[in-house]
Amino acid sequence: MTGSFWRFTLLIALKDLRIEGRSREILYTMGFSAALVVLVFSFALASASDPAQGPILAAGVLWSSTLFTGTVALARVLDRERENESIRSLLLSPAPRAAIYAGKVIATSLLMLAVEILLTVLVGVLFSTGVFTHLVWLAVILLLGTLGFAATGVVFSAALLRSRSREALLGALLFPIVIPVLLAASRATACLFDPLSPDLDPVSFWTRFLLATDVIYISLGLWVFEPVVSGD
Amino acid sequence: MKMVVLAYGFIWLAVFTYVFIVGRKLGRLGGELSELRRRIDKIRPS
Amino acid sequence: MPTQPPSSRSLRFSILSAITFLLFVIACNAIADAPREITMGLVQKIFYFHVPCAWLLMLSTLVCAGGSIAYLFGGSERGDRIALSSAELGVLFGLCVLVSGPLWARAAWGVYWQWEARLTSSLLLWLMMVAYVLARRYGGPSARRLAAALALFAAIDIPLVYFSVRYFRSIHPQTTVVSTLVPGMRGAFWLSLLAFTVLWWLLISVRVAVEDRAAEIIDLEVLLDQAEEKKA
């Protein structure tokens, strides 16, 4: 990856983030709807209020909500391009397609991470679980899980730019594919949240799995993004 | 055993249904194709 | 692209159909003759059809990915048609796996679903093939490229899904669908596998032929319009 690649990647990511930062619309709406999703889950699962289940429920709800609101972030990050056809100008620019992809992935991930921090606090409170006991591990898992989701999602969201059924289809296409990420992340997080777990071996296992998965997804995304987005 | 019959039965049914649908479409398209060829030959007998 | 003359194609299909039929007759005979498994009895015989269907689901996914690569990076229309046909077969045989599997499980363990590693992996793979077909149909202008990207991610997900589900399940007792094969069963199993694979080959040939014809019809219609214009 040459220096200009990273320069373009950063440019694109920062452009998107600056736009979001200015209006904060997406951050507020995403954050609010994510929190609501967590609440919905909490109410639905209220009967299973066995305290021993706390960590597992917290982890599961955290990652499920993340996935759902992640699709909103994906739609938004690519939406700007759809609105004023700026994807065309983006594609005509000297920026290598791979940099566009990487930039979008980074922007999406950062948006999602911001909301995830809020969600983590929320599930900690609602399920009476200590969530910040292993802060570094938690940060790593949140990052890797989010990256995996974004790496796949950007490809599909970009491909669906001109589709009418985009909202309906994005989740339907994306979720089966990112199940391994969901599994790994929620298992690792559940172990992290659990004060009774003997050691963190599962965490390190699933973290390595997530790392491998991310490498695979990002590589594939980089390879596939250009042919998917170019043409007609 | 009921389960065995159900399992095998479903598989046969599914496969034959698919074969039937696809085969029918193949026949229909074949008909359209010949029709089109005929019309072209009428206009341009080359 | 010129298609084969109808007569030679019909001949090919007839021969292939005959071979398929013959193979199935032989295989079913072998299955009926195969020794009964000690613990599960007659029910175990479901697996002679169940496992080949699972194999075909995986084969379909891989072929779909192959066709998608040819289409995305080589512009191959044929690759695209093969990918579509393969995905449909994936949906078909995946459905067979997902019906026969739970029926077997019900008889063997009393519950329809056990999150068993192979069955769960098949479920996810099947969902991805369904997603492919949906993407093709409702994906808008870039439907084919969207679906192709999906196929690639699906293929790469095969090992990821399998391993994540398997280790996810290591909390629960490991239950496997496929018991060890007694020598008397092996012959029947391989025959069944062969019969199903030939069936798959036949089905995909017919399905691709349908797409070939549809494409040719479009070409001819264009030709017809031009010819009629010239005449007028």
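A, B and C are the chain letters, set down in written order, and residue numbers restart from 1 in every chain.
By our rule, a residue touches a chain if its C-beta (ideal position, glycine included) is under 8 Å from a C-beta of that chain, and two chains touch if they have at least 3 such contacts.
Computed from a predicted model, the values in this text were never measured in an experiment.
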item	value
Per Cα centroids, the chain farthest from subunit B	A
Closest chain to global C-alpha mean, per-chain Cα centroids	C
Centroid spacing, where centroids are CA-atom means, of subunit A and subunit C in whole angstrom	31
Mean-CA-position distance for subunit C and subunit B (Å)	18
Centre-to-centre distance between subunit B and subunit A (centres being mean Cα positions), rounded to whole Å	43
Touching two or more other chains - residues of subunit B	none
Parts of subunit C lying in touch with subunit B, wherever the complex brings them together	6, 41-43, 45-46, 49-50, 53, 88, 92, 95-96, 99-100, 103-104, 106-107, 199, 203, 206-207, 209-210, 213-214, 216-217, 220-221, 223-224, 227-228, 231
Sites on subunit B touched by subunit C in the complex	1, 3-4, 6-8, 10-11, 14-15, 18-19, 22-23, 25-26, 29-30, 32-33, 36-37, 39-40, 43-44
Residue numbers on subunit A that touch subunit C, as the complex places them	152, 155-156, 159-166, 168-169, 172-173, 176-177, 179-180, 183-184, 187, 205, 209, 213, 216-217, 220, 224, 227-228, 231-232
Complex contacts: residues of subunit C adjacent to subunit A	72-73, 124, 127-128, 131, 134-135, 138-143, 145-146, 148-150, 152-154, 156-157, 160-161, 163-165, 167-168
